[in-house]
Amino acid sequence: MERAERHEPEDAGFVELGFATVDTDRARRTGAGEVVFGAGKTASEIAEICRTLLESGQPRVLVTRLDPEKAEAASALLEDGAGGAPMPFAYHERAGLAIVGEPPAEPNGNGVVCVVSAGTSDEGVAEEAALTAEFLGNEVARLYDVGVAGIHRLLAHEDRLASCQVAIVVAGMEGALASVVAGLIGAPVIAVPTSVGYGSAFEGITALLAMMSSCASGVSVVGIDNGFGAGYQASAINHLPGKARH
Amino acid sequence: MERAERHEPEDAGFVELGFATVDTDRARRTGAGEVVFGAGKTASEIAEICRTLLESGQPRVLVTRLDPEKAEAASALLEDGAGGAPMPFAYHERAGLAIVGEPPAEPNGNGVVCVVSAGTSDEGVAEEAALTAEFLGNEVARLYDVGVAGIHRLLAHEDRLASCQVAIVVAGMEGALASVVAGLIGAPVIAVPTSVGYGSAFEGITALLAMMSSCASGVSVVGIDNGFGAGYQASAINHLPGKARH
Amino acid sequence: MERAERHEPEDAGFVELGFATVDTDRARRTGAGEVVFGAGKTASEIAEICRTLLESGQPRVLVTRLDPEKAEAASALLEDGAGGAPMPFAYHERAGLAIVGEPPAEPNGNGVVCVVSAGTSDEGVAEEAALTAEFLGNEVARLYDVGVAGIHRLLAHEDRLASCQVAIVVAGMEGALASVVAGLIGAPVIAVPTSVGYGSAFEGITALLAMMSSCASGVSVVGIDNGFGAGYQASAINHLPGKARH
Amino acid sequence: MERAERHEPEDAGFVELGFATVDTDRARRTGAGEVVFGAGKTASEIAEICRTLLESGQPRVLVTRLDPEKAEAASALLEDGAGGAPMPFAYHERAGLAIVGEPPAEPNGNGVVCVVSAGTSDEGVAEEAALTAEFLGNEVARLYDVGVAGIHRLLAHEDRLASCQVAIVVAGMEGALASVVAGLIGAPVIAVPTSVGYGSAFEGITALLAMMSSCASGVSVVGIDNGFGAGYQASAINHLPGKARH
Amino acid sequence: MERAERHEPEDAGFVELGFATVDTDRARRTGAGEVVFGAGKTASEIAEICRTLLESGQPRVLVTRLDPEKAEAASALLEDGAGGAPMPFAYHERAGLAIVGEPPAEPNGNGVVCVVSAGTSDEGVAEEAALTAEFLGNEVARLYDVGVAGIHRLLAHEDRLASCQVAIVVAGMEGALASVVAGLIGAPVIAVPTSVGYGSAFEGITALLAMMSSCASGVSVVGIDNGFGAGYQASAINHLPGKARH
Amino acid sequence: MERAERHEPEDAGFVELGFATVDTDRARRTGAGEVVFGAGKTASEIAEICRTLLESGQPRVLVTRLDPEKAEAASALLEDGAGGAPMPFAYHERAGLAIVGEPPAEPNGNGVVCVVSAGTSDEGVAEEAALTAEFLGNEVARLYDVGVAGIHRLLAHEDRLASCQVAIVVAGMEGALASVVAGLIGAPVIAVPTSVGYGSAFEGITALLAMMSSCASGVSVVGIDNGFGAGYQASAINHLPGKARH
Amino acid sequence: MERAERHEPEDAGFVELGFATVDTDRARRTGAGEVVFGAGKTASEIAEICRTLLESGQPRVLVTRLDPEKAEAASALLEDGAGGAPMPFAYHERAGLAIVGEPPAEPNGNGVVCVVSAGTSDEGVAEEAALTAEFLGNEVARLYDVGVAGIHRLLAHEDRLASCQVAIVVAGMEGALASVVAGLIGAPVIAVPTSVGYGSAFEGITALLAMMSSCASGVSVVGIDNGFGAGYQASAINHLPGKARH
Amino acid sequence: MERAERHEPEDAGFVELGFATVDTDRARRTGAGEVVFGAGKTASEIAEICRTLLESGQPRVLVTRLDPEKAEAASALLEDGAGGAPMPFAYHERAGLAIVGEPPAEPNGNGVVCVVSAGTSDEGVAEEAALTAEFLGNEVARLYDVGVAGIHRLLAHEDRLASCQVAIVVAGMEGALASVVAGLIGAPVIAVPTSVGYGSAFEGITALLAMMSSCASGVSVVGIDNGFGAGYQASAINHLPGKARH
């Protein structure tokens, strides 16, 4: 079994950096490499973890929740070579994430991941989802600003929606878009509540609860503003082996 | 002072029954007679308040939140004449309300009140709204069980919706129907969250918040399961004088 | 199909700007043009959307939730002509909104919309409601700072209140003003909870719940601080056809 | 000092009954005897605690939150003498409380405690407050069912209100009555939120928050449905010594 | 286009029963037939909707949230033929659901759906998920009562888990099992919070929030106790076409 | 009618300033002049309202929730005479309030108001209460930093506590001090929850709920951080007429 | 692999019963045998799990959350021998728990566990804690009904408290007792919030939050009404090896 | 009375500083000296309290919740001697705490306190716990960044965990680590929820509730981010006398 061959005694599956215990075994276990959650870490901690992961054989690392200042500092340490050998570093400001190492692989999923968003203010989270999915080897179709207040905008894209493998629906306020999309298609829908809105939108709680209580079957939900989680889950679904190969 | 002229000593605008201070002046002030909230009152208290209001000149009384047992007891005291002169008493079990006195008047509103509901479980609340509106002199169109999980059911009725004077949208779970309806029509939409659903629907809180945060303009909301409040508000809107009289 | 006949290929009812899908069909569908929610959009996005809407034939555009800095930048792009042909741009700081294009139309509603506010701190939201209603062609009467702690201030205006077509009540803290106003008049009352107050006012939640649970009939509620929503709903009510045309 | 004389070593200020540690020192410390919270205690526990208190010299005991079944059983043990020497036992079903021992004393407070309630459904809690105050030696004026939806009912009693020493305002739903009363009078107002209402009244939370956030000064609040607490506090206020200057 | 051929004018895609608007078009649109939510419907309404769906060509109908009494009555109307031609009716008490019509089809999904539950009290919800998945044509592996308080019970099944196509994790209390399972496997994990637990488990809210906030990637969540939703979503994932067809 | 006699046309009981409707009748009605809530008002609005009130005959005005910057600006307009005739202006930074006009009157209450606080961080709110009470003519005793974690600090002051007319207890975190004080004395206790604490203190909600649920009788509660409200209520209690019997 | 050496094939550390996976390895791992949570299990499931555990060598089993009816049925299956060999079965109704097998062992802890409760209504939970501790081999001192409303009752027992090894404080309502006890002693305090109280006690949430926010150091908290959890934790603390063995 | 003998007039057990009542008796009472909560106090207040405590004989003082600016100012007043005799001052920025006076004592506890944290972002709170425990005389083992998403990292340290006297588990997000650790060991587990995470982690509420509802026995919980409280409680446990059997 392949597993045993890679898991020698001298490979405990993690590396202790003092401030972090990096899980270098994750790709083997789950099929996707470790991802770095940037919030609450310093730029140099981020850089060191990225180096450790790239050197342990992971071809690229995704860093999420990264603000522009930290991105610049981390870039100096990684891409510019101030912290060692230069490593590619691509920052996407709207989505607040960076890809360190080789650019995303060629799409190798079963089909297309469709990212649907309700309003222009949801776009940051939608892009986090879309870029995560691309990072993990998926072809992504974007369908933005098609909220239910003007439902003809969504219905005009019904065919495109119907042909996707999995849909990610990103919406704040009352989050109704998830229910409407799930009522239209048979593919699984992953809903992402966003903190967009004000007053009774309660920083995304309203959308979260609404998506959780959807009258349409086939909706599951990730945390508020968790575009990464949705992209990750969509990729897992889109890379399932399928029946044909058996 | 004008107020003094209207409020002769012999007409204080209320009658004290000991256990209640009945507002007999309400019809003059707001155009609609006093309504009796049945919960938390005994059948004989309800009967006595109804008598007082009918005898003070109000042609009919609406009793809401009335369960079948209390309805039967109140009927015995009012309609069957066990408690005095017989008075008409019509009970509607699904809506949990009764109309005491003359049947509802001929519709005299400006147009049609459309009551739209998402699922069959919302029907009790929808009927409370519809019957309240009829009680107050409105023509009512019912459009039930057209939730967004099968949006073609709603779109098939788009014309009927578009021609109403005011729409009441009754929905539980995630309450998305209110946003979709408000995106389709220009008439005011009154949304009624219901406690239908389970788990994360949280007894209607989810629908309430969602309706409050609707991405579509033109939605206002009444309390959870408050079909009466929606019917009342719709009637007020449907009886506005209009421009003609100027 | 009937829908296709109304939506010729050359008029999909929306324009895709890349970052936004602008609903140019909204005025036909709901009687009021698209409104731009300024929060979360850049000044140039706002300007581009306004241009698209004005060029699609909408005579004026309302931009809400617009802070002074963004207003200045958008003004430079629209009114000052830095971004194309000059377009009128009027900013109202207290209400945080701008009107782009022709000034508001002559009032053409059925009657007067009365905006009642509880305290001086509620005035920003009250003005958002009032200016929205004026933008949409309504005559507005303002009745500010008449909260229930000194109820004679409100009662002194009872006649003015009683003659309005629809009342908007704006209040924070415990929101009691909505119940008192609704007990005094027969016209529909739209309540706007504000985030005014501190401690147990919980950023408007207390007022929202209180207004939702009003003991007075005839109150419906919009989201916290949603002056725009109330003005929009009031306008819809005030422009209903009335009975005459039958 | 009087205190030392009553507090002999052989009087620890409490009696251990095994299942309860009865505070026989409370009257000395706070001026009011121990009160028994009936919920969660068996009828025989209640009876035994009452006996202990009466035998320790307290002239009468108030038992709150007592349902009819337990009241009957406790009555059998106390009044009917089944459990020892007969002791007077008066049960008030609406308020759910009993007075064991001598009937309430002659009023000896400084003035009148006014109990104001919003609706008929609030009456049980209002009576708990009123009877508690009477038990503790206060003259009580009852002003029931005068909620703000028909504010003339309250204004008609303005003089009576203005002359009281302390007002207890009992209201559910949105609890607006407390603010209105406190705006009218200078005496302290103790507000009691009740669990009356449904849907968004949230079992009294809405009224509690609203009363807490009252825009009128001079309101303090006790727990939901805590008529006893309000009556107790009102009595403490009404029995204050007055200006020591005399 | 295939769609137009099946959607003749004489097929509106729904049937109006008066009390319900049955969506007979759902199977075509989403690949799965309409499901009946039993709560809040009478036995005869349930029976009539089932008949309508079976007669419209759907081979079997799933009825969820069905208590034993209603199941018996519905069985009398459907299986026993009291309400028309006899139709097979299989009730599963623990899961609270019934299958009307032909028994579930042969599994035709891509792989195995694994249902993992934390404790014996979660079994009802777990069975709702498992039976729903089987109803929709999936092979299901059950792994029950393997909560994290004795993590060796779960680790003993690591291989079985690793080979599934999609995992459903059902847990109440603190819901930690979802994070642990998602850390072990690469397949998508659908988490179902249950209302199992007491006190601070808050009827499933704690588990819901915990699952939403999972530190492990690859978890999406459905509503509290919504075993049906999880089974449905899992089936959609397990029936995706896979890459082969390209 | 008596009211009409007191409200001559030239004295409507309020003055309209455009941005505010100042209640100049409040002192007559409630015995205490209007208080200005500084938050959400500009310095010049505050100054204008103060002038109006002082000129209407109120000897001094209390301005609460006033930050140092606004205080300085208002002082320039009032005390320094930049906005008209100079008026005394005393600012208390810790309590965030100012007294405009004559200094507080000689104490003329019945006894002493005791302000008890749990920790040093509660002192701002405690001072707001104490200065408010002094403003309104009360003698105040301060007992600060005597929380229950070292209960001997409180017990050492038992006599001082026992002799007060009314106690204000200011505490954050778990707010236990209110229950302990109310268990020790018979005078009414007004509890003020503060937003002091972190994490599960939830900005004062925990203390609010705890004080509301006090196991000790004789506690009523004002809003979070509402030192003003407590001082006001305490003053009302301390100025009650005493036994009318005289 | 080391793990395999400890877990021989014939001892997987658990037994699969179909409806449950019984953790027979728990005593080895944690020092305390598996405990059965009775709620949500049938009497026969409980009996079968108890048998499995006793037969696997655990000398006695604790069953918590067991109501009297289920206890009687389980007793019939275990003690009365209806379900196999008779096994001792002792039910404690107030605490809602049963001990199956040998009676609790001789106390072998380091010192005394003191269980302190605030009111008589907290006694059920207090007994659950006390009996759990005794079941696990601890000497228990009970100090009941000593809430802070009469703090002398607690102070009278200060020495007894000061000498215990660990204190469990059980309180509902505002839960202040935990802070006061922790301020008096140096031993660790485990606080158990109970659902005792009504209205704003919110089924124990208030006490939970208050205990969590205690101003006194040395308090940790278990879930609402979780007497078992507190007794278990106290036992773990009381059986720690102490320094001696070094 | 015994108490009076221990508290001579010259030793009241506290020192009044005007702004604070310092509890100098705490070490005698609870075995640990007074700790200063830095938030909400000025640097000079902190310095003065530290001096008072050190001069009253406490060898060292812990100051928590101290930000770098205040630390520098307090250091100037204490260590640098600007405020009197120089006193050692050691600041730990990550943990936000300072130790004033002699460095922590030699460990004198019974065993090792193990501090386990889930992610790198939890490290500040974990260090607050670890340094507090060291301050109080405990040997501490740190096991950081071993969250359940890669459970092999934790299992690799199973032996180290199993040998500790008490474990502190620090985790944000869903807090699952506490349940897993408690399932592995028999020593008491003190869980610290952190505010790490975003969206549905709700600033630590999710972790708090999850830890409270742990399916594993032997977990008690302190407030959100309350590393100090956990370290304090762990120290109390680790310093218990051990078997009196000696």
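Order of writing sets the labels: A, B, C, D, E, F, G and H. Residues in every chain begin at 1.
One rule holds in what follows: a residue touches a chain if its C-beta (ideal position, glycine included) is under 8 Å from a C-beta of that chain, and two chains touch if they have at least 3 such contacts.
Bear in mind the structure is a predicted one, so any value in this text is a computation, not a measurement.
Q: Chains shared as neighbours by chain D and chain H?
A: Chains that touch both chain D and chain H, as defined above, are F, G.
Q: If you match contact pairs by residue number, which of A-H, F-H or B-C shares over half of them with A-E?
A: B-C
Q: Answer with same or different: of all residue numbers used at the interface between chain F and chain H, are over half used by both copies?
A: Chain F vs chain H: different; shared/all numbers falls short of half.
Q: Just give me the whole-number Å value for how far the CA centre of chain A lies from that of chain B.
A: Chain centroid spacing, chain A to chain B, equals 47 Å.
Q: Centre to centre, by mean C-alpha position, how many angstrom separate chain D and chain E?
A: Chain D and chain E have C-alpha centres separated by 52 Å.
Q: Find every residue in chain E that makes contact with two or more other chains and list them.
A: 29, 119, 149-150, 183-184, 199-201, 208, 212-213, 217, 223-224
Q: Inside the complex, what are the residues of chain D that reach chain F?
A: Residues of chain D touching chain F: 29-32, 35, 109-111, 165-166, 183-188, 190, 208, 212-213, 217-224, 228-230, 232-233, 236-237, 240-244, 246.
Q: Under the stated contact criterion, what part of chain G meets chain F in this complex?
A: 118-119, 147-151, 173-176, 179-180, 182-184, 197, 199-202, 205-207, 209-217
Q: Considering the complex alone, what residue numbers of chain C touch chain A?
A: 7, 12-14, 19-21, 23, 25-26, 29, 37, 39-41, 45, 65, 193, 195, 204, 208, 223-226
Q: Considering only the defined contacts, which chain B positions touch chain E in the complex?
A: 119-121, 123, 144-146, 149-150, 152-153, 156, 196, 198-201
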